[in-house]
Amino acid sequence: MATIHAPELLIVMGGAATTDEIEHVVARLEEAGAQAHVTPGRQATVIGAIGERELIASLPLETYPGVEQVLPILKPYKLVSREISPDPTVIEVRGRRIGDGYFGFVAGPCTVENRDQTLVTARVVAEAGCTMLRGGAFKPRTSPYTFQGLGEEALVILREAREETGLPVVTELMDPRHVEAVLDAADVIQIGARNMQNFMLLAEVGRADKPVLLKRGPSASVEELLMAAEYVAREGNERIVLCERGIKTFERTTRYTLDLGSVAVLKHETHLPVIVDPSHAAGRRDLVLPLARAAAAVGADGIIVESHPAPEEALCDGPQQIPTAEFGEFAREVREVAELLGRQIG
Amino acid sequence: MATIHAPELLIVMGGAATTDEIEHVVARLEEAGAQAHVTPGRQATVIGAIGERELIASLPLETYPGVEQVLPILKPYKLVSREISPDPTVIEVRGRRIGDGYFGFVAGPCTVENRDQTLVTARVVAEAGCTMLRGGAFKPRTSPYTFQGLGEEALVILREAREETGLPVVTELMDPRHVEAVLDAADVIQIGARNMQNFMLLAEVGRADKPVLLKRGPSASVEELLMAAEYVAREGNERIVLCERGIKTFERTTRYTLDLGSVAVLKHETHLPVIVDPSHAAGRRDLVLPLARAAAAVGADGIIVESHPAPEEALCDGPQQIPTAEFGEFAREVREVAELLGRQIG
Amino acid sequence: MATIHAPELLIVMGGAATTDEIEHVVARLEEAGAQAHVTPGRQATVIGAIGERELIASLPLETYPGVEQVLPILKPYKLVSREISPDPTVIEVRGRRIGDGYFGFVAGPCTVENRDQTLVTARVVAEAGCTMLRGGAFKPRTSPYTFQGLGEEALVILREAREETGLPVVTELMDPRHVEAVLDAADVIQIGARNMQNFMLLAEVGRADKPVLLKRGPSASVEELLMAAEYVAREGNERIVLCERGIKTFERTTRYTLDLGSVAVLKHETHLPVIVDPSHAAGRRDLVLPLARAAAAVGADGIIVESHPAPEEALCDGPQQIPTAEFGEFAREVREVAELLGRQIG
Amino acid sequence: MATIHAPELLIVMGGAATTDEIEHVVARLEEAGAQAHVTPGRQATVIGAIGERELIASLPLETYPGVEQVLPILKPYKLVSREISPDPTVIEVRGRRIGDGYFGFVAGPCTVENRDQTLVTARVVAEAGCTMLRGGAFKPRTSPYTFQGLGEEALVILREAREETGLPVVTELMDPRHVEAVLDAADVIQIGARNMQNFMLLAEVGRADKPVLLKRGPSASVEELLMAAEYVAREGNERIVLCERGIKTFERTTRYTLDLGSVAVLKHETHLPVIVDPSHAAGRRDLVLPLARAAAAVGADGIIVESHPAPEEALCDGPQQIPTAEFGEFAREVREVAELLGRQIG
């Protein structure tokens, strides 16, 4: 017996749709190599479209006369979906791990400002038992009048910090022309929230042989985040860590609204590890610890936070950075929750 | 031949759903007096539920084992839908009209502060050829430390303004215990944005024999607004005017984001007249004229705006009120656009 | 030396403001009994308004010619603010407590459907060591075609459940005309999210001698929630528990976006206890446990969740209710996190 | 007499701030070359910071002990602000104009699919008297499984369309590595909504000698849009057209919520022309005309819309494209409103 496929999507024809209009939809589906399964009715007729997703997706079904709704049945992402790969992915770099029981604790300065600030922070982060070191070399800033990062000079400093501490380094890639330089210095390439739908950049890192830390855009839905990850995966690189960092809402007492519900949803939808950035969501230091603990408690596979030896002198995002002097205690309090949930620092 | 009904909704069973789980859903539908139309598949099985909406809606379909999605095919509102009543509704009060070519131009003070301020404004509004007079007697205010309205005293003043100008009066009802007093003084009862889902109040005005001006809540979707109207209609009162007044978004340069796209959508979905309140959305006077003209251009059936003889002395929302001295010119500029669109002031 | 007060707010006059315009603002402030402190400049002149909040708030400062911005310095809420009352408030009812180290674990059916369902659930909730029993008698529902609650009949059942289990009862008040009946049956009166700005209802419960559980509206900011609490407090009732239950955003994989960042902010701003409702935010059962644990980890003073003996037969919100058979384990897993944070179930 | 400058921003020190904390803020401001103007008080002390924006902005004021709020007095954008350049900017390309009374009517296919489709559409657009031709060569698509544009082949076709019709061509730049190719073919370079904060791309087009059409990101505030324009202007290119195309909100009946209130705000804030894209906001054809007319009525300097000879065969965004057969009538109906507002097609 032939395998019976479920429809990719259902096309609802309004009650006033004519037989011609219904037949027209069926004909277009069949031309595209799909099958049409028609359930007639007086108030509406439902057509199930069965076939190859890419072919069906190429049809502008909503524009056909008589069509009222197009309802997707199957999810638009494949490679990143848990349905396809039920086992959780573990990202392993230089012996450190994120995912499937390993809690990725990523920390470091918002921005690499100079050698000292970076090395001091890196040592504190390493001593606290963290998984990776973060540090910005190229900085996307809302205002052109603020510090834009040290660029390649920062990459040299990060490389030194890695050598000294052994911590793998995460840094952001903003421009396809920097790919080589960043790949050379970084162990994990970060795609920032504002570039989540910079498809050129996604394709570039999809061809790289280093893991990617993909941040959710401030107005991206869970589905759009997974589709961005699909862009990377489709080019061959499935070593992706997703990162929730807050969405844009009407609420202004925090910089962004940290969406931990979406973290719980992502854990169901995808096999990829999901971490949380409480620092950028909060925008103020006193909220970072409670939100980091909440992230661990909701079941995230890790966090990424910012620390600085003297936040009040920081060139960028000082208010949200944890002083290195307090970092050990901070790490201890987050670790407790992660361990209660059965995770170990990766 | 028997009439064939379209399914109310479709239940998508995941690829891993067992035969038992599918049969369980079918059995529950049948117990509820509905029919189940099953389309099997390997990746998903789709069950169409055909029957009485209220019976099907009473089933917690999402909770049944194996169910992945529940997709509604038919719209949840009936009485207010254009599918049921294709002809546009015209609200007629004391010879003035809103809907179907009649542009309802409703204006007046934000709040009735005293007899003089109200009568002066009412005369200007009448002279400009407006359709109705608005004026707040009971005021919902975010802060308990601000002016809350004159209450019943204001109703007496509004009655006098109506007698003098002949303009029908719109005023807000906030409390079911005020129904009688407000019905006695008002020609049209306003349900404010914050009370759009105060279902007790909706039921009360649904039993009244006066038209209702129902404002969209700041976080209400188009569908929720139509469902709130359905509450009123279901009690027997179908004389409802819907009002878009801005939704809550991340943008802060205007008080709310006026959603004129939803006005265009509402004109398709419902036979009820749809008007726009640019004053509350803008929160500042210089934006009221451009937004009022945009409302007329998008095809709204009217506007509701605020005017005051001396906005800088207003007890409430001064910044958005149009000085009465400028009101005639304001009205002329809005009317021009409404007339270009083929409407006349109702 | 006289006490020097900080300005309530600052009025920024644009660079093009004339001396007359500046003097006009000063004159109006002085008429209102306030002092004006002027800092002149070429690009802008800043006027500080010092005096009684209620008098200054009554001036429509934004409307005065030349005014560009009005910046509030002092917070608009007083009674509920931690600045006024630094010590955390503890709500104590029938020996159970919420706040200041006591984690309020409130649970029960979404809706009281019948005596059996309610008593069975109440016993399970009591046995799990919860703090209070919740149960809806009057239900606000988006659609008029769905179950609206048993009303007064439910109050009788709740009273019986309280007698049997000793648990204090929380139930929602929707209509000022039900105040007496609800006060008679309930130990804590809930104001639902849709009624958060139903100021008539807030004033009613502000005059009651029972604690109030005030839910955040789906589009209410933290400040608006605190102002709603201020309405209650100002009438004399300061026994208020705030409840975060998710806000309306573009994300649709959860019903609402649970805003745990705001919980952390509220803990700084107010002395009132703050609890979290993960059930309504999630809209699906599998997310309730992770979000409840996240709520405990972020430092909330409690949670309110829904449970049902047979969620798939529930008349309301079945998908999000926890089966009573799993409730003990659920409670254990939440309690663990609360205890790690140094709380005990109240 | 020395010129007195207004403070760039005000720093509010909480009531509990110590004298040391206040002096510390003053000292840091002075070190940065700024002046501090202190207004002491019991509940709060306000410090005005007067000096160079870039120096003051480099201080992490929020992190200093005792600081409660930092309130900006002066706007963060300069070059694009109407305060700096009160006269409206007119963008002129090949004799066509946008801004200051010239309504820019930009139209064309969503995507260049082939030579025929593009030329047919271009002729219709030219015949309707439009200002410019749009057409996508590189397409940002949410899903990697959909058509991504013809790339350079499309640029050749667009050049031919320009030669034949004389219409200047607008096309999107997505990758800094395509700058030369796109600059070569296009008269106006579009920066798409998803790249509004791709600061690398903004800097590139800031150095180009062609006008830039900058679309607002779906979660960008008006201020963020103006800051993105400032990035371009700061590199030397002030020939910028801003474009509102809808923001992400909870409402789903339109694809995005078209924010015409922000258009009215932008007309006050900036000298740059502001146009509106109703096609992408609506996502469905029947809403494009009402929204285009509303855009003209709100005072926009133009619109950008999509047209296709056979939308139902379009490879991208078919549902929102206007059939070329109906385009003349569409243009006439929009032009009427623009002319009523005193504009002529540029």
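Letters A, B, C and D name the chains as they come in the text, with residue numbers starting at 1 for each one.
Quick note on the criterion: a residue touches a chain if its C-beta (ideal position, glycine included) is under 8 Å from a C-beta of that chain, and two chains touch if they have at least 3 such contacts.
Computed from a prediction, not measured in an experiment: that's the story for all the values here.
Using the contact threshold fixed earlier, the set of chains in contact with both chain C and chain D is A, B. Ranked by separation of Cα centres from chain D, the top chain is C.
Taking the mean of the C-alpha atoms as each chain's centre, chain A and chain B sit 38 Å apart.
Per-chain Cα centroids separate chain B from chain C by 26 Å.
Separating the CA-averaged centres of chain A and chain C is a span of 32 Å. Each of the following residues of chain D touches two or more other chains: 219, 247-250, 252. For chain D in complex with chain C, the touching residues are 3-7, 10, 12, 15, 37, 39-46, 48, 50, 69, 71, 73-74, 83, 248-250, 252. The part of chain D that touches chain A in the complex is made up of residues 53-54, 57-58, 60, 62-64, 76, 140-148, 174-177, 194-195, 197-200, 217-219, 224, 227, 230-231, 234, 247-248, 284-285, 311-315, 318-319. Within the complex formed with chain C, the chain A residues making contact are 219, 221-223, 246-247, 249-254, 257-265, 267-268, 281-282, 286-287, 290-291, 293-299, 336-337, 340-341.
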